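The two complexes that follow have subunit A in common; it is paired with subunit B in the first and with subunit C in the second.
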Partner chain A sequence: MTLTANRAPAEPAAEVRAAKRSNPLRFVILAALLALLLIVIAPLLIIAINAVKSPADYAGGGPLSLPTHLYWDGIVDFWNRVSFGQKLWNSFVTSFVVAVLGVVLSVLNAYALGIGKVKGRLWFLVFFLVANLLPQEVLVYPLYFLSKEVHLYDSLISIVIIFTVIQAAFGTYLLTSVYQEFPTELLDAADVDGAGKVRTLWSVVVPVSRPTLGVLFTFFFIWTWNEFFLPLVFLVSNDNQTVPVALGVLQGDRLMDATMTSASGLIGILPALIFFLVFQRTLTRGITAGAIK
Partner chain B sequence: MIRSRAGLSAGALLLAASLALAACGGSGDSSSEEGADAKTLTLWHYEGPTSAMGIAWNKAIEEFKSSHPGVEVKFEEKGFEQIQQNAQMILNSDSAPDIMEYNKGNATAGLLSKQGLLTDLTEESSKRGWDKALNSSLQTTTKYDDDGIMGSGKTFGVPNYAEYVEVYYNKDLFKKYNLQVPTTLDEFTKVMDTFVQNKVTPLAVGGAEYPAQQILYTLALSKADRAWVDDYQLYKNKVDFKGPQLTYGAQTFKEWVDKGYIAKNSAGIKAEDMGVSFSQGKFPIMISGSWWYGRFVNEIKNFEWGTFLFPGNKLHPGSSGNLWVVPEKSKAKALAYDFIDITMKPEIQALLGNNGGVPVAADVASITDPKNKELIENFNKVSGEDGLAFYPDWPAPGYYDVLVAGVQGLINGSKTPDAVLSEIQKPYDENLADLGK
Partner chain C sequence: MRRKGYWVFLVPGVLASVLVIVVPLVMTVWTSFTKWNGVGEQRWIGFDNYTRLFEDSLFWGSFSNILLLILAMAVVPTLLGLFLAAVLFDYVAKKFSNRWASLFRSGFYLPQIIPVAVTGILWGWILHPDYGALNRILDSVGLGGLAHNWLGEPGSALYSVMGIMIWVQLGYPIVMFMAGLQRVDPELYEAADLDGASWWQRFRKITVYLIRPEFYVVLVTTTISALKIFGPIFVLTGGGPSNATLVPSYFAYKNFFEKAQVGYGSAISTVLTVLIIVLSFVFLRLQNRSVSR
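Presenting the complex of A and B:
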């Protein structure tokens, strides 16, 4: 008690001194952060402004002027023109399936490589790393022919297969390094308790590394959602297209429709943004989380 | 984004090259009965629904439906980018449409025709009279020889519309300074001088994209004749880049920059921003293509504007528009021919003209809108003189970027006209050597 009584008066003084000392610096940091924030959201703001501007308004006032009245036709027209609801569904289904399959495949691979210590695992990892570094443009032509041979060209299934493999290559690489550090005490304990390899995987390894898997899932989903090049090549029919490909419809030969492009941009990023906000807690938990509790 | 998309164009190139090997063997023969009993017609194009082409083609689809009961038309609006990137792959697969819009030129329609992916339309076109509706400079872009070079050989496409470069001017600003529409290059220069004296930069220019090079080419054309255009575009004879035409073009362009007709900062301006700055009334004059026309008609509300042909020129940058092509794998070729025939009908052509497009075969009398009449009369004047001189970046693959860089050097003063001409001659000559000419 005496200790706290003694300390109590000293504390505010120290705080004031500390605040005084750091005040200008704090202010500068705050200002810098605000400026950065503005830079980051400025493009989004400009898109939002132009999305609700009529074309004539845009032609008269330019991209930076505020709209004279709210004009929703750009968004509505675009939605109907590309039947956006269906594109959303296509994107959601492919991204979700890829994210789930990609995580499962990564876990199985990483379990074998990181915990199972398969022979030559270093070379496997090098292989996955190299595969991950390959630009997609190199893969396009072989993939085109393969998919044509098995009649999956112009089908969402081809996109799901391709991206599951691509994402799992990254996931395997990452998860393997996580599993190499996996506490052997837990594995030994499972072994003593008589758990087989499969049981150990599902009852010990997966639950412990669940935060990492959550992060992978989120990344896989967003990456697949944003993919443009391969879906552009593989999804020929309008009925099969995903959101980023649908946004490309507005890009003309010589002209662009700036207001409708903004409108499409706005509704194009919203789903990914919402998904990110929902899962951002998983992300902040950190990619290498998971240890003995 | 973690994954990089750089090298996208490199990948596309690689693809194009490998497909060229794979796609040989499609035979070019066609019969007008082929696919006449098909029950669906899959049709792709990439024009917006409110553009002149979009409106006219929608009407054409309706007409097709009523003249072909029982045939389902599956229309899909595509992105320009998607067709541009993937045409070879799509046309080589079972997902190929029965008819589609495609870009004219050696690198696009020419390449596909060389790979045997397009149907030869020569016979159909003379039987149905499409060739008579198109004058010779419009036909240039529809014909490709065995090497896929335009200008001669078989007909692989049919254009419905044309485009050309003209001068847009702000009537209100002309009135303010008491200026008349110039009829000679000298008068045009005087008009621009007046603006400069009044501290107004006369020309809206997009130096980062196609507009600036088209101005330089227009200036070169003022000293050129059809033979020179054939040499430059169709490789008939070797072009002297230090000859009077291009030298005049580059030097005059430089002069225009020095005199303040063209703002120094326009080297970094994109075409879209150029158009918006004109529609905002910031610049009194813009030299660019007829593709802006329909948009300006709808969107410029704050001032009166008009157009005139580049004064004194007989030749103007311009060409046919994109082509209707029939893929070799089309399952309804006869229906595709019927559809093309409908798009060439007077009423569809008039619809195109009345919505701000430039129809290839329209009767001016059927164009009711006075604004669009001006556009089409100007085009008919150019077309009557056989004055379409194509675009400066056509002769060699990747030439567009070379020209952009060269003209940017002229605008910001980092290169002399002579240096720029040497710079743009090199890739041109290299391409000639590749073609074995």
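Presenting the complex of A and C:
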């Protein structure tokens, strides 16, 4: 801004004209962005207003009118019909356990690769990178077959084991690059104090890298929460389903009317929205962390 | 001296990865050379599945659908996101305030946090031929003639899915690019201003040039997720109508779990895996070359 001010005396006429022109332009651009934003969030708004509308209200006013009164029965009916509380609990437990175990496994791997610099670490890294890229379709049938053999099919345990490993592949890759830059002075100091490898890991490396571990935890939790393909294959019985699977298989159910469908959409969005608000700061930091390779 | 004995920490991670990733991967590749219905005897048939695959018009169809989905999930969001990120960073943040810029960013990112099953419910409902909101809106503004069974007609299903995927993906490049732009030295922009560069020139010569690393990361990750796409297809169209939206991963899923042609499904997923890995390494090479140039 100061730059424009400095330049102004040299060509006053142009400057005045530019100022006059730029003012409406500013608001045209802002209006265009707002219109685009409205288009992006419109589907969510439509779902929200119809989730709290009674079927009669919907039949009368259509999908775009505001509800005449708040009607919670659609949500309550849906919640009870699919025992949504159970689904929430299943999703929460799996995502939480996967996030914890995934971080632990990533830390152990990255400690050996990034700080211990074990032999052949480049090959291990390539392995974890490739593991990261694999489509789940190429693993699904043998996993399905093997889990039946060991009686873990249709059990949350199988999902926890599989996702812990899959998420840790990403975590190892990311965390190793972080640990390669780990300040050597701290490690040397731990050495001098006579701390063993386990103590150094637990009382030096983990505390120092806690912010990164927090980001990883958040990622693992949300990713596992949103996973669809493998839970769809593995969790066939009603009591074991996670939220996405329960909602996904209900699609096209003839018993679902318009308002109940939007009710199901709304209660599916809410947990995700809550995580987003809770983790927002960590997330924006973390998305950038993933970019630095 | 500190380098010794760290391999112990790698043991759990490697064992778990072998169990969950290596063994299933090898089994799938092996199965792709056999005829197997999942329960009975597995018979070695050499390359028969692959020759059948390359003569299968459904397989080729699924790959041409994927090309269009790469356009919708990777190309369009990356380009549009680049432009929007530049407008938000270099115009809105400066002419209005950072608050506006981050408000827009969060809004555009919102569809990214919604679980895929919910995206399916949301759009399945909005595009529903009988009670969907979009047809109602078209009706009410007098464009009832445009009303469609958006996801249910072979002619429009894939384009509808593409539109939805642009909506889903757009926020990711915006967040990544805006984070990347934080690195850019503001003096560069001021110098360009002094030289009388227009906004468009600055965008092309500075913004685009400087965030090449993020550009590549976004393009690679979104292309890979397009190649892997399963959830949205499962919940929106189930690959239909008459295979108009069939994709490789869903094609493999159908062969595994609906048609019990496990060998054939394994061949499909093996081809997909090879394609993804080759593509990623080509991209990585290109990225390294362009960044170090």
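The rule is simple: the second predicted complex is superposed on the first by the 219 of 293 C-alpha atoms of A that agree within 3 Å, B and C clash if a C-alpha of one lies under 4 Å from a C-alpha of the other, contacts with A are read in each partner's own complex, and residues count from 1 in each chain.
Keep this in mind: a residue touches a chain if its C-beta (ideal position, glycine included) is under 8 Å from a C-beta of that chain, and two chains touch if they have at least 3 such contacts.
Keep in mind that this is a model prediction, so the values were computed, not measured.
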| item | value |
| --- | --- |
| Contacts of A:S237 with subunit B and subunit C, given as first, second, both or neither | first |
| First, second, both or neither for A:V140, with subunit B first and subunit C second | both |
| Partner chain in contact with A:A56 - subunit B first, subunit C second, else both or neither | first |
| First, second, both or neither for A:A48, with subunit B first and subunit C second | neither |
| Touched partner set for A:Y153, first subunit B, second subunit C, both or neither | first |
| A:V206 touches, of subunit B and subunit C: first, second, both or neither? | neither |
| Contacts of A:L105 with subunit B and subunit C, given as first, second, both or neither | second |
| Touching partner for A:K197 - first (subunit B), second (subunit C), both, neither | second |
| Residue contacts with subunit A in the superposition, subunit B compared against subunit C | C |
| Partner chain(s) touched by A:V245 [first = subunit B, second = subunit C, both, neither] | both |
| Residues of subunit A contacting subunit B in one complex and subunit C in the other | 62-63, 135-138, 140-141, 144, 226, 228-229, 232-233, 245, 248, 250-252, 258 |
| Touching residues (chain side subunit A, partner subunit C) in the complex | 3-4, 7, 26, 29-30, 33, 36-37, 40-41, 43-44, 46-47, 50, 62-64, 105, 108-109, 111-113, 115-119, 124, 127-128, 130-131, 133-146, 161-162, 164-166, 168-169, 172, 187, 191, 197, 201, 222, 225-226, 228-229, 232-233, 243-245, 247-248, 250-252, 258, 261-262, 264-265, 268-269, 272-273, 275-276, 280, 284, 287-288, 290-291, 293 |
| Touch list for subunit C against partner subunit A, complex | 2-3, 5-10, 12-14, 16-17, 19-21, 23-25, 27-28, 31, 38, 84, 87-88, 91-92, 95-96, 100, 104, 106-108, 110-111, 113-118, 120-126, 128, 131-133, 136-137, 140, 167, 170, 172, 175-176, 179-180, 190, 193-194, 213-214, 217, 224, 227-228, 230-231, 234-235, 248-249, 252-253, 256-257, 262, 265-266, 268-270, 272-273, 276-277, 280 |
| Subunit B to subunit A touching residues, read off their complex | 1-8, 10-12, 14-15, 18, 46-49, 76-82, 85-86, 89-90, 93-95, 103, 210, 271-272, 276-277, 279-280, 289, 291-292, 295-296, 298-302, 322 |
| Touching residues (chain side subunit A, partner subunit B) in the complex | 55-56, 58-63, 81-82, 135-138, 140-141, 144, 148, 153-154, 223, 226, 228-229, 232-233, 236-238, 245, 248-258 |
